[in-house]
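Following: one structure in structure tokens, then a few remarks.
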Amino acid sequence: MKSFMALLKRDLVLAWRQGGGVGTAVGFFLTVIVLLPLGIGPDQSLLQRIAPGGLWIALLLSVLLSADRIYQADYDDGSLEVLTMGAMPLEIVAAVKSLSHWLTSGLPLAIIAPLLGFLLNLDTSLVFPIMGAMMLGSIGLSFLASLGAAVTVGLRRGGLLVSLLVLPLYVPVMIFGISASSGGLSGPDVSSAAMGILSGITLVILVVAPFGSGAALRTYMR
Amino acid sequence: MDSSFDLINSMLYIVGMKLTGKALSCERGGRQVFDGLDFSVESGGMLELRGPNGAGKTSLLRMIAGLNEPARGEFEIQEGDNEVNLAQICHFIAHQEAFKPALTVAENLQFWADFLSGSDDKADISVALEAFSMEPLAELSAALLSAGQKRRLALGRLAMIKRPIWLLDEPTVGLDKKSVGQLQSLMRQHLDEDGIIIATTHIDLGMEGAKVFDFATLPERADHGMYDDADLEEGML
Amino acid sequence: MAKIEKFANPTRFLRLQEKVQLWLVAITVILFAVGLYYSLVKAPADYQQGETVRIMFVHVPAAWGATMVYAVMALSSAIGIIFRHPLADLSAKAAAPIGAVFTFLALFTGALWGKPMWGTYWVWDARLTSFFVLFLLYLGYMAIWQAIDDHHRAARIAAIVALVGAINLPIIKFSVDWWNSLHQPSIMSMKGSSVHSSILIPLLIMALAYSFLFLTLHLLSLRAELRKHKIRQLQMQAAKRV
Amino acid sequence: MKSFMALLKRDLVLAWRQGGGVGTAVGFFLTVIVLLPLGIGPDQSLLQRIAPGGLWIALLLSVLLSADRIYQADYDDGSLEVLTMGAMPLEIVAAVKSLSHWLTSGLPLAIIAPLLGFLLNLDTSLVFPIMGAMMLGSIGLSFLASLGAAVTVGLRRGGLLVSLLVLPLYVPVMIFGISASSGGLSGPDVSSAAMGILSGITLVILVVAPFGSGAALRTYMR
Amino acid sequence: MDSSFDLINSMLYIVGMKLTGKALSCERGGRQVFDGLDFSVESGGMLELRGPNGAGKTSLLRMIAGLNEPARGEFEIQEGDNEVNLAQICHFIAHQEAFKPALTVAENLQFWADFLSGSDDKADISVALEAFSMEPLAELSAALLSAGQKRRLALGRLAMIKRPIWLLDEPTVGLDKKSVGQLQSLMRQHLDEDGIIIATTHIDLGMEGAKVFDFATLPERADHGMYDDADLEEGML
């Protein structure tokens, strides 16, 4: 428990001090949201239509961009090796690090997403559905991203490779996330069913990803 | 988790602990580094690993620390007992110093203290600071340290958290005279408390009574690559 | 060089700031009182826009202020980089949060105004977008200061960021001319103003009030920055000789 | 000249060997293009409308994602310090590295973008305008991205900060890029004027960015 | 570019070159590290920098290499001439070894040879390989090297590209006995060819005749902050 808290605390402090963590995640998210209408044109009703999808894509890219370094620093400076020498299994270490990644990226983004949605003319009735679906979905995204980061940690230029590996896994999260975000618009049944599936997927990821990450990290330390 | 730690802590006081490596063989990146290596160290004993660059000294330490697996051979910590999790009763001080430049010296030490001690009794970073005269550096960002100061930060773990086996990879590298003296007295104290030290080095560590194992004395390595030697001669490469 | 050193000696600055501080606060308060009275009570409601026109007296000076503060920031950065004067670096650092708030204020009041005027809070037209970009530049600039421990390094890097970002200023200025925009064209043109004096005068008073507000806040936070810097230096000194 | 070629060659070889360079850039680009219809829905005419914007945004994110490490490895392993000790000024080193980044990200993406455009129902008459505008624009993007990378090289978690700093500067490139991509659709004058402005912006960037990068790198080596 | 190099290359043969540092003052991270440091080395001479961790040995080397700027003071390379670009006539071997793990040993050496030599005459990596017996490692990926082998790869630059001034930061760290011997003979040869060597170290480098500069002998540092000392006394904080 003490190890757990120590690691979580350290990672949160580091996220906060280095590059501003939360601040920059939010900043990036914001910027993608800005680019969308610039790229697509200022048509209000068009924007409204693509708003939930746009928000989800922005969330996803934000999480992805910040993910490739979840383990990189610890790998480079030898911390990862010392981390294997405590009582905490490497799988739990991976889970804690994924969790702190979520706390500093997905969670704050899910909270501000609906606000930014106004920039895209988002339907106000969608605020809470989107926030809920994003909170749930982004946990899964963080854990997946951390799996991707672990799988590429030994490669210098993992950045794009992470995306390539992880994005296909993101797709189901996104699809159900978006349909869970639609609130009552496409019928209450549809969205609550989607929310159910999203929870299921997230659960599976929460269990599987730390094992995968742990195994990958061990392999790279060889 | 905590119960396993009480066990570990108590192990420190088992007089007569003996770490043995039997017929160890090491492969890295598909190449064989050494083969048929035997060693043993007893409580209160120190083993110095010497030998040319690339002989496999660091690799041996990493094996003991559980970071690499031996291709063949095994470790025993007590007569007949080879199931112990060595990683959790070892300190491994590698070339990489395992600290975060964004944290202060004190914060770095505190993190490892909390993470590695695990149990509820508080590991005290002031012990580490004192052991290597780092008190004035405590509140400084670790990014600003000089080479030797970084090394002292890493060595601080030894003083702060009690573990019976120390694996030190060229520990005196970068240290000034005074710090080398401090490290030596720390090592002596550890040996007096029935600990075990295995250290690689190219220069004299100034620890009299240490057993020396020279990798140069190992039998000629037979390289088991992917190809037979015959292939090489035939020029199949 | 030596002259600048003397002129902007931190100690001297602190003494000066202490002397003028009260005066600045007083002038700012008076200007705001007068300006708000004229703009909210005295100025006529617009025959087209009705009472909402009063948003203008907050919006327009805030927008001017935001660009002006960026110019101050960029200028300070340039001085900091060329003459290596620490006070210039700190001046740029202290200006950023104030500029960010002004920008936010302009964006916010503009959005509020946009609803009755254009029927929407936000459109992605050139001026609004480039102004939004200005907001992001402020955020990025502040993030740099926050992200780098070492003071001198942070100052250098932040200055590079500020100077490169200054490219955005002319884009904001000319955006209305380059792209056809929903937004109002410039009130102030070379030929003088096209707006009636009953609106122009309170507007100018408000602009003056904003300027003094900036000056007051800037000097205050510059003082705070100097203090913080000194504390760090003392901590560093304590750690020397190890 | 020899130093120049040596550095360019090394960087290209590294991009090729580590994480696949070109391969992953293309892969990421592809995945974003795939995500777009997933996020927005399969409406063909809608897709066609947003195709050029979508391609540009994907290009931009690809370049961005791969950019934060342009100098990172050289900084971490001490190469950057040795690079300052040759006869080549650090500004030119920065320019060469930006160039090699463009050769391994922007250029191949600009070439395949129109092909991927078919996935988005891109108007066929736009193929060449888009390719040309992207080639030109992406040079600027690479140089800007490398400026962003230089400015954050000493920060462990620069990833998101780079985005925050660089995206505002990307905006003009993208706006004129998109309008130059529109070919004759919005009138030949508009698109050729945009192409002119795009060239101008690119030129300014090509001059300013290496200086900024050089100055920033020197500061971090202090 | 090339012409400047001919000049530099020819400098190597100027007998009577003298590198002087005058009243140097070093500040890092806003703190003063040392102040009023003077030194000088002449062609064929070697200067060993010694002193406690954090005294500023590495910082001094970095200053000479042009990586840090002195807060006060200046360098002269010949009597009266302080405009020379020192960086281009120095080799700086730091703790960071400046190689790419994705390239082979030979490719790494070849890159630095091409980049640093600049001119058209081909720098020969085989000289570097031979100087530190790295021939068998040449085709190996640099990621697979041991600590000492990495160090040898970095030191290879010295043998391969002729530059008159060598700045070595704890050069023998991690080297085995044989490699230390090779480095020593390389250094002797350089001095014989009227080169200059400035090296930091905590252990004996085995170079007889080297001048030693000990940082511990520097006077107490006076810290020049942004404020007058008077302010501090007035309690303006």
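Just so it is clear, A, B, C, D and E label the chains in written order, and each chain counts residues from 1 on its own.
One rule holds in what follows: a residue touches a chain if its C-beta (ideal position, glycine included) is under 8 Å from a C-beta of that chain, and two chains touch if they have at least 3 such contacts.
Predicted model, so just to flag it, every value in this text is computed and none were measured.
**Q** For subunit B and subunit D, which third chains touch each of them?
**A** A, C, E
**Q** Counting only C-alpha atoms to place each centre, which chain is farthest from subunit C?
**A** Greatest centre separation from subunit C goes to chain B.
**Q** Name the two chains that are joined by the greatest number of C-beta pairs in contact.
**A** Looking across every pairing, the one with the most contacts is A-D.
**Q** What whole-Å value do you get for the distance between subunit A and subunit C if each is reduced to the mean of its CA atoms?
**A** One centre to the other, that is 35 Å.
**Q** So, what's the distance in Å between the C-alpha centres of subunit D and subunit C?
**A** Centre-to-centre distance between subunit C and subunit D: 32 Å.
**Q** Let me have the rounded angstrom distance from the C-alpha centre of subunit C over to the C-alpha centre of subunit E, please.
**A** Centre separation, subunit C to subunit E: 47 Å.
**Q** Pull out every residue in subunit A that's touching 2 or more other chains.
**A** Touching at least two other chains: 14, 17-20, 24, 27, 31, 34, 38, 41, 73, 76, 156.
**Q** By the touch rule stated above, which residues of subunit E touch at least two different other chains?
**A** In subunit E, residues 28-29, 31, 54, 95, 102 touch at least two other chains, as defined above.
**Q** Name the residues of subunit C that each touch 2 or more other chains.
**A** 129, 133, 136, 139-140, 143, 147, 149-150, 152, 236, 239, 241-242
**Q** Spell out the residues on subunit A that touch subunit C in their complex, using ranges where they run on.
**A** Touch list, subunit A to subunit C: 17-20, 23-24, 27, 30-31, 34, 37-38, 41-42, 44, 118-119, 121.
**Q** Spell out the part of subunit C that touches subunit D in their complex, as residue ranges.
**A** 81, 129-130, 133, 136-137, 139-140, 143-144, 147-148, 150, 152-153, 156-157, 160-161, 163-165, 167-168, 171
**Q** Name, in rising order, each residue of subunit C that touches subunit B in their complex.
**A** Listed in rising order, the residues of subunit C that touch subunit B are 149-150, 235-236, 238-239, 241-242.
**Q** Of all residues in subunit A, which touch subunit B in the complex?
**A** 1-3, 5-7, 10, 13-14, 17-18, 73, 76-79, 81-88, 221-222
**Q** Give the list of subunit C residues in touch with subunit E in this complex.
**A** Subunit C residues touching subunit E: 10-11, 14, 86, 149-152, 227, 229-234, 236-237, 239-242.
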